[in-house]
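Notes follow the structure.
Each chain carries a letter (A, B and C) given by its place in the written order, and its residues are counted from 1.
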Amino acid sequence: MNEGEGLQLDDEGRLRHFLTIEGLNRQTLLDILDTAESFISIGEREIKKVPLLRGKTVVNLFFEASTRTRTTFEIAAKRLSADVINFNVGISATNKGETLLDTINSLEAMHTDLFIVRHSDSGAAYLIARYLPPHVRIINAGDGRHAHPTQAMLDTFTIRRYKGDFTQLKVAIVGDILHSRVARSLIHALNILGVPEIRVIAPKTLLPTAVEKLGVHTFHDMSQGLEGVDVVVMLRLQRERMHGALIPSAQEYFNLFGLTRDKLAAAKDDVIVMHPGPMNRGLEIDSSIADGPRSVILPQVTNGIAVRMAVMALIMGGQTARNRRPV
Amino acid sequence: MNEGEGLQLDDEGRLRHFLTIEGLNRQTLLDILDTAESFISIGEREIKKVPLLRGKTVVNLFFEASTRTRTTFEIAAKRLSADVINFNVGISATNKGETLLDTINSLEAMHTDLFIVRHSDSGAAYLIARYLPPHVRIINAGDGRHAHPTQAMLDTFTIRRYKGDFTQLKVAIVGDILHSRVARSLIHALNILGVPEIRVIAPKTLLPTAVEKLGVHTFHDMSQGLEGVDVVVMLRLQRERMHGALIPSAQEYFNLFGLTRDKLAAAKDDVIVMHPGPMNRGLEIDSSIADGPRSVILPQVTNGIAVRMAVMALIMGGQTARNRRPV
Amino acid sequence: MNEGEGLQLDDEGRLRHFLTIEGLNRQTLLDILDTAESFISIGEREIKKVPLLRGKTVVNLFFEASTRTRTTFEIAAKRLSADVINFNVGISATNKGETLLDTINSLEAMHTDLFIVRHSDSGAAYLIARYLPPHVRIINAGDGRHAHPTQAMLDTFTIRRYKGDFTQLKVAIVGDILHSRVARSLIHALNILGVPEIRVIAPKTLLPTAVEKLGVHTFHDMSQGLEGVDVVVMLRLQRERMHGALIPSAQEYFNLFGLTRDKLAAAKDDVIVMHPGPMNRGLEIDSSIADGPRSVILPQVTNGIAVRMAVMALIMGGQTARNRRPV
């Protein structure tokens, strides 16, 4: 998947696609965060609209149903004045025997400008980006277990808003690290941004082998793992995991790894608690925490719009009519 | 449900949400009708668009499938220049175990401005309105058997257009009063607007107990009930009712309560016939009436767009950036 | 279906609906092609938007699922600045017992301006056009086996772009002529535009009886049929045909009628290969051809947007507020 690193930058180092956090440098991430900062105020205005993407066509190309994630991109694109097409591939021509690449090719031939791609296969967005001509831009909205880079950026954006600086922080990520594209992308981003201590807390069955290679410290116990942290990121536990041997029972999981007041007491007093949503209340997080004073879960959603607007604006900024494929 | 009455007005008596007709005063209803009157001409222009809601995000939050009602709100919002997000909750994160309130919270955190809510549970729109911060506005697009206030306003708007004045009218509402949110809301609106005689005509099995408390006269016979009326409002009979003991058979229902020329002859010569749609032709209404000279069923649809534009414009008019929740 | 011919022109011969190619004269088709030519450049601009249909409401009224075709019309309408409503009739009130015509009437009463209709029944778009008041315009996006006129126009537009002149061409259409609305509409268009030799190549089971009456030459053999042609149009073979007796097997069909390099060698050196999509690679067309230097399949898609914009702009051009039905 490391090829994606080169693919997403143009020759002058500007962001062309946004596929993965891996391989991006600190300045690129800071550019996204700073641009997002400038978009925050748009959501608070009377008229929440700027003309940056006017006359552009953005396609929500979702191979995996996710109304909420689609909605965040749809809102972000419309606030940039783009035209948005929701293309649900489950009910499209791929059902009629057309190949995925023929579908993509057809959409590109309609002079669409930006694809937001969600797919259950790791690497799908990357494959599409490699395949399409360079004037079409791709944002990965989640591919299998691989990456969810806009989520990592809204997470780090939220951390910076509350903590100011990355270089003194202890961040703990809790839960199903093994299957989580959110965790993978966030760990990469935190490393690049200079967070000195990243911890993952999970039962052994929910950790990838050799997870330490990602630059994290591993804990199997919440009281140790949360000790003195500034930020806790809870992951969603997919209930279907519980039908296998990965988790003994929902109750036992909650007892051991669910975030409660008792467990959170080990963290710093001004700890912030994050969750990418949708939450399983009473499974990975107690409602007293989710709705409590340390939760920044709803500000994450708000920030997600600004971050997605920023990524769209940045990767579309370099596009010129010059490099269009002639008819 | 009466709490909804206070909730939908702000401290200065302006409409903040539109949840139910109950508890609103005559002037508020007249304001809606008069505003709708000014929007009628927009639908007749070459360019059917005004910038009143430009830069606002309207969410169609439909928990119950209704393409046609959703379309009326979508058209109304787009003619006000709003951005519209169709959020079908059946296929959203609530399927992933997220609670309804978490879904609502997330949408609110995206700085959406107005929710159009349809739900099969009575009181759903009210619960959402009570739960959300006050700068987010709610329009009830139908909740269970409880209320459908925009339908009542388009009905009274249509009556006023054809009859001029409410205070001399006899209005008959025919059919499944028991299960009808349309009937409930309309009865409240007609009472508030000063209609002196409101009749309901239905078999006993389709009338709520103590229906007279709503301020109506009850009839079980069409020839008596329609005698001398100015307006007949036919209700949709949901076919699933016929599988129970409520109705003996479709044919017998039509014979007794279906609107035909013979039965309509008892009404005034200039009677108007209304129906909220979708119609069951041959069950509650004969095609000769539905398509006949006394029918104003299609003008109701036309008026529905203007009325929905008016309600949206009125409840959004008081919104300022001041009362936004900070990030 | 010939009534459609008169219906789609107004008294001064201007296009009012676009239902079928049959009965249109050469100048009308050339007007569409020339208008489309002027829209091609819009797709190549930085801001791909013109205000021609601003404030108009376009309804995608699809009774047959087709995400891709719907998307082409949605993109075309949005580039003309129209408001677009996707109305999927499968999940609408027609499920609740409402008649199709009541649904149409309701949409019309909302002051919608243009219906894009796809239906599995031949003649559906025509019926709707005949039924609705004349200020509502209809574009047939495919009705049963009957017609798909915008496809025929994008095909002829593509041919003219590559071949310049129609009057010296040999065009071969290959495959399931019997069930193809694409073939029917294209044959009419090519005849009207003066193509001197139109060939159809198909097994006897996939040809309509008396196909020669359409003004074509019939071939059952690819090497003879493709001899010296300038243009090859491959049709999509619907896989469900293979379950009947129409085709012996996919492999045998490909061997006899699938387009390969060997078979294409019989055509002129500068032949162009077209396909309406979605393709069944390895069934009616080999990938070496679909992706090869003679293929203009993706330019067809690009041209399809310009052609649909042109048709929309032309049929909406004559609309005035005068002829609106009063409320």
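Throughout what follows, a residue touches a chain if its C-beta (ideal position, glycine included) is under 8 Å from a C-beta of that chain, and two chains touch if they have at least 3 such contacts.
Just so you know, these numbers come straight off a predicted model, no measurement behind them.
Chain A maps onto chain C through a rotation of 120 degrees [Cα fit, steps of 5, range 0 to 180]. Where chain A touches chain B, the two copies mostly use different residue numbers: shared numbers make up under half of all numbers in play.
Each chain gets one centre point, the mean of its Cα atoms, and the points for chain A and chain B are 41 Å apart. Contact with two or more other chains is made by no residue of chain B. Interface residues of chain B facing chain C in the complex, by the touch rule stated above, are 40, 43-49, 65-68, 71-72, 74-75, 78-79, 161, 239, 277-281, 298-299, 301-305. For chain C in complex with chain B, the touching residues are 54-57, 83, 85, 87-89, 91-93, 96-99, 102-103, 105-112, 320-321, 324, 327.
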